[in-house]
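In the two complexes below, chain A is the common chain; its partner is chain B in one and chain C in the other.
Now for the complex of A and B:
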């Protein structure tokens, strides 16, 4: 059954939207998107009876929505790249922006539509043909306390371009964040996009991220969901050009009463393509999480090679992680691997460390943190990996 | 002042409801090497796990003291800090923890704050050299994807780095080729000759006398069916080499 916010709240959201109209996102685009938000189901089943939050009726409080809200910092040391806010991109590079904006499935999803409707912060990154960069573009979105932030990030990479984007999401006591990210690439491009979410524990965040790699191109999502009381993440790559590669890495660690729901989807629409999905998660206290990993290989996608590895660690009796790998394979000449584990810490590993003089608590912490390392290794830069390790270690304090 | 040594008196141990150790008496004095030999299933590894405090090994009777300290009253990590080390026959693999970080954490736990990081690295390099280990070991995950020989070398490296007062080596020689066995024994010899390892006592568990050609034991014990049935000198190991355990079994049966 489709549930929408009640009509009063819906009217208030429409009213709020009347103030939004600009070069990047016209009032018409926004209105259509808001109606799509109202009428589109999230597509998510309730994770389980333990789960306390109704995703279908999730909605920002209208008074918290403002045209100018939050701040974005862009750190780009690469002269050949364009990295600017969306308003600037709409003024100065409308043709480029137009090629990527709305090119993926993001705006067709419930929360991608909501992010489109109220977009009030955003960044456009353009990587010209054959430009290769070593330093990542770092985008930092800061959500004000109690506000609603709708960050929209768009990456367009031309043929043979190579770049890394790091998105940090911070702040936001009692905030509502609904973000969208779109990546569109040309032939042979390589884009890594890392998201590190460290919102305040009272914040709620919904992210919809979708990528469309070109022929022989490679797109990597790496997402660390570390903060916020409620985190809902949708990561996807649609492989519509042969030879493309998708890599999805996600890690999360709900603690206290944090809820995390991550869905990843790789659509092998055409063949001769590869995908690798790695998810590492842990939960402690009353932490709750669900991971749904979709791999879809279309009947004509012969020669696809997909792997999905998902491991979850339960560190308390009340913690809960559901892990659901879902493979739909329509072609016969493919390689598809999936493996999932959910369990507690290994008693033999703990004992081994104890016999080396390491206290039980310290041993458990070292083993649990080590468990995340294969996922952390997929994140770019020493600095970001250090941030993630520190945030994970803090879960034990 | 109580007597120094690793002193085990009338130790009984039960695993999964079954009595495996049926009264072990054994004392390893500082600086001495004891060999504990016996056929498979005689309870040798059970003794090793009982001493180190494995939670599934239930001590039902007896005592074990390390230089007077009651080992059985201590948690496994405190036994290590008291100076006990076990070289595992099958050490656990722990993906995500690098060898270097693990060794540093262990050294800090056992000998808090005694070495600056640079000195610790130098110590590691020196010990690894003796064991014929490549420095790239340090960046690998603990025992993850290690060959049998690599695992045993890493156990010996830990022994050398932690320099305990008493070490129990559980079938460290099994699965090693001659070159690896020689490296392992060189490391033991170097440890016993060095400042940190001088005076350490060793209990070497094995069912082959091969390792004893490189490390000469002061005392040899034979364990059968949860009891030490015979104790002697190096000649006892030679006899096992020649005759196996059958004649010892027969001899014991005749006495009983």
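Now for the complex of A and C:
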């Protein structure tokens, strides 16, 4: 539908953009970003015999784009933290915002650029030096039916800061959501960012999330892709300071005709760094999933230690999961490992449970839910873990 | 815990008695002009006095070659160094196929001497088919094979002698249109082996062929077709080394294996092309019901190798195994891997790949496991390990898993690391130099592969690894 900037739809998107301008995202930043969206390839796999959707041509319908569509709720009980919408941040904390906005690779990606161009909701979280809190900041984005929502979340954590952010994404029959998240931290900071996406089954969502941890800092992404008809997620951590640690956890469970395409990337640009990627997925009915897990260790990034674990369960005859765990290793004094499995539920386990008097359907559900537990354990707060378990259990109804 | 090391073997002596950087004077009956035209394809076919259907096949493939783009994936920078206009597409070294070893020209014998085939083995190894340049010049099949009804000859001869069998299987596993290089091979192929094993026949000894490239800028496009009929069993071994040249050459083979119901084929190959050669090979096997296909594939030489031995498990209960090793030294990129397609129920496969990169070399594992809908009970396990010897070298692992059948089991594991310091320390504490200790550990890393080889190959491979490892440490 939209491949070149010269197409009619491309012109319509440019026209839409003229209504967008504010302090956080100047008109120039937006229009440059839109041109990057037109010219940057998605880098995603091409459609195949089972996966028919061409991500290269994915775009929102221009009429659904409005500056006012969508809403955001911010729940923050930590007095030392700043958590405000982007417009407020641009007015009151421009210097802080400027240090993190666009600092990661997000705006260089196709859909990160689209999210930048039309950003119409957004939150800035600032964690001052040595501030530590166990109570998460909870951000809830809500996409109205049929609308296009472009949420942009930025987290800036100073030296020694420790915080958890939970992002909920809801609503949106027929909605198009294109979000961006950037995390930038100082030395020794610890940030956990959990995303829980539960959009309506007719929605489409594209998320681009990138983090840039400081020296000896730790960043964890934990993403549960539970809703939407089409989910496209790009999770990345660029380790450019020694001693940093990256943890990526992703779980998804396409059911019905849901499609999920997840790419995770850990770039060990410098050494003495560690990363751990865990992906648990299942597919049922006509559910489709594709996962590409990149681990890159640059030349001279000696002392990097990277691992990736990807397990997938196929729960119906027509479900498909493609898995590509990829290693690109340019240094020799490193440890890099990936392991992947795809398969059905273990018949022995089901049989064992049946012999204990548990009905077959219940046994299958229990085993499948248990399969996700190692990933669920990486999500913060009992409340969020309960939400995820409930949503996964509902897939069996 | 204490292991006795044999100190009587001097590794240096082993290294010095191996030489492969030599070059015999060229001596050809016919050598085509550089570059590829329709006329050259026609001349190749005419020189070989081929039937019309083969000429037609070649010309069709030539058109496909012209229309196909170069691959857009892989090491495209190196691939685009290939100048198709600067390659000889056909060289014939002597005008008739030799019947006995005494008739083989002296310079060719010298070449085989350098490869280190023992005198006794040359005489006693039955079924040795030695390919020199683009055509088989020496071929002797033992009486035992004849009695069993096994057909083993060079591909050119097979086209004339066994047209019915050749036409039935030729290019059915790898059609010319599969990729640009299979199209090129189909247009200009010359030499290679043809084997047909009749139903129920087991060939007890491995059948072997040696290949060499001996003219500068000369392409080698051999074409091998192996058919094991129902319940038959055969092991084929192909080894390559090449003398030293200054400019790039292209090697682009096509190897097709057909294992009918209950049949078994093992194909063992070690390529040690000199480091100016592009080795772009298409190798694919079809395994019917309860058949077994095994690729044992070693990659040591060449400038760029792109080779992904494939097995299509088409019949219920078929089994595939791919064992491969790669060594990439200075200026080399070994882009090798394995593909297994599970297209029938209860098919199983195992892929094991180990690679070492040193002195700035690069290894890539590129693999595919695909399970078709309906391949109930399919099981596959893929294991890749890479060692990176120094900070100039690198390794990529790109496995793809496409799973379309719920009732299947897929496992993949890969690791990349450097040589174990505790292993090195232990070996050195027993009196080995760092270089010797490293070579020993690397040979141990490749042991899973070496132990699958016939003895003379195993010895040669161990020597090569030792040579390659010289100076890798420090």
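Here is the rule we use: the second predicted complex is superposed on the first by the 389 of 397 C-alpha atoms of A that agree within 3 Å, B and C clash if a C-alpha of one lies under 4 Å from a C-alpha of the other, contacts with A are read in each partner's own complex, and residues count from 1 in each chain.
Keep in mind that, in the parts below, a residue touches a chain if its C-beta (ideal position, glycine included) is under 8 Å from a C-beta of that chain, and two chains touch if they have at least 3 such contacts.
On a predicted model such as this, the values are computed, not experimentally measured, just so you know.
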Q) Just from the overlay, do chain B and chain C fit on chain A, or is there a clash? A) fit
Q) Just chain B (first), just chain C (second), both, or neither: which does A:355 touch? A) first
(Q) Quick check on the superposed pair: does A:325 touch chain B, chain C, both, or neither? Answer first, second, both or neither. (A) second
Q: For A:380, decide between first (touching chain B), second (touching chain C), both and neither.
A: neither
Q: Figure out whether A:242 sits in contact with chain B (first) or chain C (second), or with both, or with neither.
A: neither
(Q) Is A:317 touching anything from chain B or chain C once the two structures are fitted on A? First, second, both or neither. (A) second
Q.
Tell me the contact category for A:303 with respect to chain B and chain C: first, second, both or neither.
A. neither
Q | If touched residues of chain A are counted for chain B and for chain C, the larger one | A | C
Q) With both complexes placed on chain A, how many Å separate the closest C-alpha atoms of chain B and chain C? A) 14
**Q.** Of chain B, residues touching chain A in the complex
**A.** 52-55, 75-77, 79-81, 85-86, 88, 91-97, 101-102, 105-106, 109-110, 141, 158, 162
**Q.** chain A - residues contacting chain C, complex
**A.** 48, 50, 297, 299-300, 302, 312, 314-344
(Q) List the residues on chain A that touch chain B in their complex, please. (A) 346-349, 351-360, 362-363, 366-367, 369-374
Q. In their complex, what parts of chain C are in touch with chain A?
A. 373, 386, 388-418
